[in-house]
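Across the two complexes that follow, chain A remains constant while its partner is chain B and subsequently chain C.
Entry: the complex of A and B
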């Protein structure tokens, strides 16, 4: 039996084994070394970031987590990055879910990001978990005109009347932007149809790979930013990570006595190339800073990004190898097919 | 009666929703109708539970193939229902310490949380992850360049598969990013395919679907299409 015939009759468990290795080896390698592949953000990821960045601190952002553990691998990292950007920017976050287990997704992402890295944010003042509500798009249609009819209490059972940040929230019109992370129905399409379009609200969508092609027609008017699957998440994550680093350096520079404009420019440069921070703190431009400020800036520039904010970029490794394997399998399958057809045995 | 009442309800609510969308004075009516929908959606969860019981109890009683799995389904259904309704392992809400039932059923450490964290979450994640293996197997056995259309599809798939990874950037990084041929870089091609070809095709489909939904909705509202009532009519 020739090699091609053997391939044609190969047990499909060999393919399963190859796919298992294609995913497992990069996961182990990245886990051991901590190395990630570089990401260049596309305009869609940049505009997703810009929608939230252009809003002044304290803006009201509605975050709808319409996904479940099955799609957490694709959507979890972008959800954490959205929370990170909003938390760092000082936006007020209102979490809701149209999927029954979306409530658990809210809980796990807020616990990881707010609980772990922004403990100063106060529940009820800076963020609130309003939990799951049944009714799919009818929920969106109702809260478009009357928010409290659907959400009279938060997920913990506290009346929204006694939650300070709910003051002034009567309908969806009172929010400055909507962020939706969606794995299907009800999800991003429903938010486009019943919220973003009639209310003309900026909507940022993060969705699974199979949903993304269906959302492109709504870009850039109804959907202002679109993150498709783990690739979109990795691009957005890298933009947010760089911005968070720059923002922290900027705050340290301002605290050290530098003007806002100058601090912002220098912070951006140092965040883009943290290796230059050491040389910069020794330069004449940093002469006005105290040694303590310089040490702070150096630490902030070189501070490694926490693992949970690198999840999307880490997952791009297994995706790369798995995609290459898929291409290899398709090519190999076609070689076998045409060789078999030439022999007169084609299907 | 069984068919006339649902037809009247559908037609009335449908007309109210359409009118409320175009005439602001009737907006409140539309909101009322939407509230009813939300109530029905919540009740549907109970009906869903009832339907689950009916199907699986019948399967067990008839000893149909796989009836053992039905026992597992019903067992886990009742176990989850019990730990949720009886709030097993829930600690009282600090704001209301005298009311043991005021605690959060989904809080970490509760029996409901355990069921979610250690049963539901790993099972659903595993189910979804298994797709990768079946897609790989299908790619090897079914994705054939048998004709021109299939070759176009294959070529597009390769560009998208590569463009969604670092390989796309790496393979064509020799093309200057600010040169006249930058559009031929795989990552740029991938974005172009998604934003132009995909968007054009999808917009056409979306418009077609919308027109189809509008005409089907009209038929339902006028009582011409009664297939949603069941009974094969």
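Entry: the complex of A and C
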């Protein structure tokens, strides 16, 4: 049997095994070395970030987690980054779910991000978990006019009337922006049709790869920012990580006595290239800062990003290798097909 | 058994032996640690500091539950104050657990058997589902059946507690729901209008009866009618009119810089994008226009429409592949990180991961 015939008759399970190795080996390599691929944000990821960034601190953001553990690998990183940006910015977060398991996703992501990194945020004042409601798009249609009819109590059974941050929330119109992380129906399309379009509300969508091509036509009017699949998640994650680092450095610089404008510019530069932080703290520009402030800024610049905020970027390594394998297999399959047809064995 | 099957089985056997060996090297694998603490709350009578807030005939104190040992408990509690205690269980990272064990003072930290078994069950079911790639087998069947059964039960329970109790019973019998299920819910007067959806819901259940199934058709008719009406309005506004509006834009798209000057490069590409969009829409519409035979110029445009559609399908397929690989990567991360302790991207074990393995 010639090599060509062997390839033609190869068991498809070898392809599965190769794909498994193409994903597993980079995961182990990245897991052991901590190295991730650099990400350059596309305008879609940048506009998703800008929608939340342009709103003043304390804005009311509705976060709808319409996904389940089956799509958590793709959507979980987006969800954690959305919470991180809102928490750092000081927005008030209202979590709801139109998927039954979405309630678990709310619990898991808020525990990881708010519980782990923003423990000062107070439940009921800074964030609230309103849980799951059955009814698909009818839920959105109802809360567009009467929020409390659908959500009389939060996920813990507390009446919304007793939750301070629910004061002034009568309908969807009272929110400043909507963030939806969606794995299918009901999800981003329903939020576009029943909330963003009729109410003209800024909507940011994070969705699975399967949904992404269906959501592109809504950009940029009905959907202001779109994160498609793990690639969109990785881009947004890197933007948020850089911004959080810059924001913390900015706050430290302002605390050290620097003006707000100057601090913002320097913080952006240091966050973009943290290696320069050591040299900058020794430069004349940092002369007005106390040694303690300098040490703070150095620590903030060099502080490694926590692993949970690098999930999407870690998963881009396996993506690269698996895609190369996939392209190689498609090319090889076509070569084998045309070669065998040329020899008279074509189907 | 042919050579290929033997080869594949050999690969899986080697992987199995490596996993078994992993259990005995380094700091082990697949364990979950938790911290158990007894939380005690004390009921205190706190005086109202602002007398203007106290109405006539009202008590000048408020009853509150505060943590035992807190300043409030010391100041306002009495030996006869009511107390309530429970066990709080919180997850602990293995690194912290190892440090506590080494110090000789575990501080309530210990191996959590139920969660550890849950982790191993999760790993088993992940591998059982993967085993379908080799061929259909009993392990896969068991995993598949468990997913279906657990999902159905979970949906039912969540639907009951998140929807029927607060939204239906909470409106029909608010006092009962507050006293029995949800103490935090407001006990307002009953909303009898909710008897209508309750009746429709009960009618839907008549599908399960041997006779009188036709009663469920009323509910179904209501669902179909309202859904059709809701969707028609939403699709006309959100999908049709908005999309037509977004498509019918000037082909020449001017992009300006922050200083107001025209950015020639961006303007050129924005215009190309708008032109491509317009041609794509018209070509695809022509392809789906069957009142004219697809010959000559119409046939050419229709063929262009097919190209646009094929590129769209290719992009959709590419996105789908990316999504599936991400899900596979997430499952592998679970196996390598949480179960096998081969990697430690979130620094849960720090020393106990790869370094421990190599040592």
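Simple rule for what comes next: the second predicted complex is superposed on the first by the 347 of 347 C-alpha atoms of A that agree within 3 Å, B and C clash if a C-alpha of one lies under 4 Å from a C-alpha of the other, contacts with A are read in each partner's own complex, and residues count from 1 in each chain.
Everything below uses one rule, namely that contacts are C-beta pairs under 8 Å (C-beta built on N, C-alpha and C of every residue); 3 or more make two chains touch, one makes a residue touch a chain.
Small disclaimer: the values here were computed from a predicted structure and weren't measured.
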Contacts of A:120 with chain B and chain C, given as first, second, both or neither: neither
First (chain B), second (chain C), both or neither touched by A:141: both
Touching partner for A:103 - first (chain B), second (chain C), both, neither: both
Which superposed partner A:159 touches (first chain B, second chain C, both, neither): second
Chain B versus chain C as contact partner of A:213, first or second or both or neither: both
First, second, both or neither for A:167, with chain B first and chain C second: neither
First (chain B), second (chain C), both or neither touched by A:330: first
Touching partner for A:71 - first (chain B), second (chain C), both, neither: both
Overlap of chain C and chain B interfaces on chain A (superposed complexes): 16, 19-20, 23, 70-73, 101, 103, 133-135, 138, 141, 150, 155-158, 209, 212-213, 217, 228-229, 231, 319, 322-323, 326
Parts of chain A lying in touch with chain B, wherever the complex brings them together: 12, 15-16, 18-20, 23, 37-38, 40, 42, 68-73, 101, 103-104, 107, 133-136, 138-139, 141-142, 145-146, 149-150, 155-158, 209, 212-214, 216-217, 219, 228-229, 231, 316, 319-320, 322-327, 329-330, 332-334, 337
Chain C-facing residues of chain A, complex: 10-11, 13-14, 16-17, 19-20, 23-24, 27-28, 30-32, 34, 70-74, 76, 100-101, 103, 131-135, 137-138, 141, 150, 152-159, 161-162, 192-194, 197-198, 208-210, 212-213, 217-218, 221-222, 228-231, 306-308, 310-311, 314-315, 318-319, 322-323, 326
Complex contacts: residues of chain C adjacent to chain A: 4-5, 8, 11, 133-134, 154-155, 158-159, 162-163, 166-167, 170-171, 181-186, 226-227, 230-231, 234-235, 237-239, 242-243, 245-246, 312, 315-316, 318-333, 336-337, 342-347, 354
Footprint of chain A on chain B - complex, ascending: 27, 31, 34-35, 37-38, 41-42, 44-45, 93, 95, 102, 104, 106, 116, 120-122, 124-125, 127-129, 132-133, 135-137, 139-145, 154, 157-158, 161-162, 164-167, 169, 187, 191, 194-195, 198-199, 202-203, 206
